[in-house]
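Both complexes below contain chain A, partnered by chain B and then by chain C.
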Partner chain A sequence: MFRRRLPEWFVLLLPAILVIAAVVLIPLLFSLYSSFTPYRLTRPSSLWRWVGTANYERILTDAKFWSAFGRTVLFLTIVLNLELVFGLGIALLVNKVTWGQRTLRTVLMFPMMFSPILVGFQFKFIFNDNVGLVNNVLQSTGISDAALPWLVDEKLAMFSIMFAEIWMSTSVFAILILAGLFAMPRDPLEAAKVDGCTAFQTFRHITLPFLMPFIFIAMTIRSLDVARAYDIVQIMTGGGPARRTELLWTLMARTGYVDARMGLANAMGYVSILLSIVFTVYFFRKLSAARAELGMGG
Partner chain B sequence: MDRNLAHRNRRRALKVAHFLTLFVVMSIICIPGLWIVLNSFRPTVEIMAKPPVWTPSFTLEHYRAMFGGAGEGGVPVFSYFRNSLIVSVVSTAIAILIGMSGGYAFARYRFRGKAGWFVGLMLFRAVPGVALSLPLFIVFARLGIIDTHFGLILAYVAMNVPFTIWLTDGFFRQIPKELHEAAEIDGCTRWQAFWKVEFPVARSGIASAAIFAFLTSWNEFALASQLTRSVGSKTMPVGLLDFTAEFTINWGGMCALAVLMIVPALILTFIVQKHLIAGLTFGGVKG
Partner chain C sequence: MTEVTLSNVVKKYGRHQAVHGIDLAIADGEFVVLVGPSGCGKSTTLRMIAGLEAITGGEVSIGGRVVNDLPPRERNISMVFQNYALYPHMTVAENLGFSLKIAKRPEAEIERSVAEAAAILGLDELMERKPAELSGGQRQRVAMGRAIVRQPDVFLFDEPLSNLDAKLRTQMRVEIKKLHQKVGNTIIYVTHDQVEAMTLADRIVLMRDGYIVQVGTPLDLFNQPVDTFVATFIGSPPMNLLAGEVSAPDRITLGEGLAVPVPASARGGLRVGQKVQFGFRADNLMPVGHAVEEAGQKAQLRLTVTLTEPLGTETLLFTEIAGTEVQAKMLNPRPVTPGETFDFELMLDKCHIFDAASGNAIRS
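After this line comes the complex of A and B, so read on.
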């Protein structure tokens, strides 16, 4: 009997590794391969033609791809920063409340439970130029006589999409930062008061550093599913009109499913995966750094 | 005296400002959802009215059409609901079992490259659904499991496992090691010690991880929209699109289906909200 026993931790992790390998890793390897072929769904034999990096060269020289890529990065930067600021603000506001705090916290969790597709639909309805709530209010109160083309005009459409995205995800930040505020020790705050710190100084030098790990948890969780924005954009504008709100993800879906050019779409897919991974790794590192600083590691 | 008064006035002004800001923020959070609920009870004529009608009337027309089956332009909501339920419940149960064992491994064992394994597993969760749906579509089509519950369940299990590991790891970490050591001294095997001592303690936390996984599957769209084709396997998020035609949208019907989608999610959230926050922060902060 010279059967080597696998270590227990590995046995426990094995099912997770197996299922992820089967459903995520292998398809991803396949898509990596197909991104080097001119694969089209309508012509299966094209899967066996190797074209090297032609697909990548093609997207790297494609203006449409770059504008979608730039728009995606811009979108993520604006959205994540605003979510953090609003989340922090809301958490501080709710933390100050003395009566009905639990109810407020529950209300705060509403948007988290909405399906992204539902959020997209909801705001498609609200921003609809004809029957939407926003235009109805604007016109009834006489702020604007003409219907504003919320989902047609480039700038307004981007604003609407960002609004939907921020509406959906700010609560993640608010809830987690609020949890951080609750866990905060009272002593340093009182000491600061005794030493004559202003409210802003106390916040800047005591509260904020303590909240950092919580902020990074929220950022990490968010970075895991930034691509959820796809659902919102897909249903609100579908990347249109005329590609004015095209993000990396909608462009990819269009190339893959509508144009059936899987090879090319998979090449774009890899760019988007890389983008997500960069975000995630960055925040994980920040998270462990913040933890180590506070002596919470180990 | 004067300074006192000024001070008091400033405090009062701050208090009012605080209240007003909070009110505006909460309104922004609540109104979109309430608007959907409200419109699901309004007749289509009124929703489409121009100029808008501000005094809502009440009708159950959309719900009647929705539950009335496939006739009169109705959408097979029952089938979608059933599909969603089957896929979400089964994938959650499997993901919890697999994730729990993984989370236990991270919480209780020391091994080389632990942080690396952890981040590695999380990275698979970060793969965008759309990007994954392309190859998954091709692979599943080859295997002939496209448009089946099985295919979707498989995809959702893989999607939910990493995050379940994160959450359960946090909960198991909170349980003192001495607990299962004592049980083992009393003659339990490690397996028994886990099920009889540690599992009951972490049960509420695991339940919240389960609800998180359930909601992810319940709400997922990017994968489901490609991996399902027919009434036999479409889930509700995909079914929502049935209400949109080329140029017209049945807003009222969509609102009614949206309400049907939100209600289970909200109920589940109410039940576990406390544990959910604890799980996310403990898993993260004390990693």
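After this line comes the complex of A and C, so read on.
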């Protein structure tokens, strides 16, 4: 018998290896390969022309790409920070509630239950210049006499999109931080009170350090999420008008599917993955540090 | 001067009343131990003094100032918790100095106070460690250090030793006593362990079901228990109790026909026919020849030993009187086998008589 038997561990892992190869590895390699070709969706034969790093060179000098990149970083920073502040506030309030807390916790999760597409539509109408709720309220209360171009003006449009994103996902922070508050030991809080802390000092010196790991977990999850923000933006503004609200993913989708330049879009994808990696690694480091600080081990 | 006074202090949790109108005056520098079985309201009482629990009724004052409505930080107290309650993200040094930092004391003063406390408790080597890297005993020390650093008017301890092993507990008990002798502050100490109470206290407050049963020095409680609860709670082994009946003005019959004279201390308070509990400690029932040479009224009993517990300097003998198991003590012990019979002498002057119905001690 010359047929050698495969090692047992390999046989056992084989199903997992096959699945991972099929759903992750092959698409990954394919897209990586295609980013070195001028692949156009409409002309499959272009997949076989190797152009080396031409796509990447093009991106690096492309002002449109970099402004979308910069806007995404800004979007990410502002959204994450505001979600943290609101999420923390909500969690602290809910933690104080003694009656109906379960119901409140469930209600908190409602925004997460909507499809981002629907949230996008909802806010698209709320912020609509002519028939939108916001302008209606502003005008009928006399705060503003002209209709504000909520989805047209660059700053206002970014604000509207952020508002929608924050409305939808603040509860991720709120729920994770609430879990932290529930897990918090009561004794150190009492010790702090006896040691002379006011309520705020107790929060600042005892509660907050304890919550840090929970905050960084939320940050890590949300940074991955926000870095690929697409649906809400696509529905509300489509990245426009005139690319004023273009983020990385709307740009990539436009390049890949509208302009059909898939090779270029994939190259953009690989560059922007760096962004996600940087944010994730950053928050992960922070998480480990915060855990070590609490003696939970790295 | 920091005396602590409780007058008619009540605590209710909803409809459940945990503390029923407690009155207690604690003198400046006194070491008072609240002791009692689990759930009797010791912690609740202590936490009301600390300001961690709202006071439902009555008044707590510290140093002559009513503190009912003051937050803990304005009461100038320190508390050591059962689970240590150290700040997990701070080093030992930071834990110790935290209260001073909050009080915005100058850096140099904080360092000096922390170093002093660390020296008293032998924490110098551990200053840069986090609580997670400490053993139970070390955490306990840090918790005490944190209390000392504040130089409070009153120290409050809530079962600070109950999470330690027996050896460490004995050791820390001594250190707490030394600490009290050194700093001389008022200390209120909660425990369910009567040995801790006996060894530490200037005065013991024995509680049950939210009431104070007896207040007094350890020897008061040991020698003059007000009822059968105190008699069996304080002292180890617990006091032997035998059911009996007053058969003549100076005689108590225990079980079938065994009669003992009434101790002089109780003679006036009894009436014939009264059901009583006859109590005595193991130390007061000893085999002839292995007993304390002491003058006084004695009764002789011939009893058979059923079980022994040698403790070294003495041996506990289990035997039966009138069908009830009792414990006796043997000094200068020699090996005893179960089944052996001895002549015991019972020190009648040291015996206690309690009313069977109420459990209250009868003294004349």
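The rule is short, and it goes like this: the second predicted complex is superposed on the first by the 274 of 298 C-alpha atoms of A that agree within 3 Å, B and C clash if a C-alpha of one lies under 4 Å from a C-alpha of the other, contacts with A are read in each partner's own complex, and residues count from 1 in each chain.
Everything below uses one rule, namely that a residue touches a chain if its C-beta (ideal position, glycine included) is under 8 Å from a C-beta of that chain, and two chains touch if they have at least 3 such contacts.
Model, not experiment: these values are computed from the prediction.
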Quick check on the superposed pair: does A:A192 touch chain B, chain C, both, or neither? Answer first, second, both or neither.
second
More chain A residues in contact - chain B or chain C:
B
With the two complexes superposed on chain A, say which partner A:L156 touches: chain B (first), chain C (second), both, or neither.
neither
In the overlay, answer first, second, both or neither for which of chain B and chain C A:L148 touches.
neither
A:I78 in the overlay: touching chain B, chain C, both, or neither? Say first, second, both or neither.
neither
Between chain B (first) and chain C (second), which does A:F123 come into contact with in this model arrangement: first, second, both, or neither?
first
Dual-contact residues of chain A, meaning touching chain B and chain C, are 296
Chain C residues touching chain A in their complex are 50-52, 71-73, 77-79, 81, 83-89, 98-99, 102-103, 130-133, 146, 150
What does chain B use to touch chain A in their complex?
18, 21-22, 25-26, 28-33, 35-36, 39, 47-48, 50-52, 54, 97-99, 101-102, 104-105, 108-109, 111, 115, 117, 119, 121-136, 138-139, 154-155, 157-158, 161-163, 165, 215, 218-222, 226, 237, 240-241, 251, 254-255, 258, 261-262, 265-266, 268-270, 273, 277-278, 280-281, 284-287
Which residues of chain A touch chain C in their complex?
185, 187-188, 190-198, 201, 205-206, 209-210, 293-296
Mind listing the chain A positions that touch chain B in their complex?
7-10, 12-13, 15-16, 19-20, 22-28, 30-31, 34, 41, 90, 93-94, 96-97, 104-118, 121-123, 125-126, 130-131, 133, 136, 139-140, 167, 171, 175-176, 179-180, 183, 213-214, 216-217, 220-221, 223-228, 230-231, 234-235, 249, 252-253, 256-257, 262, 265-266, 269-270, 272-273, 276-277, 279-281, 284, 287-288, 291, 296-297
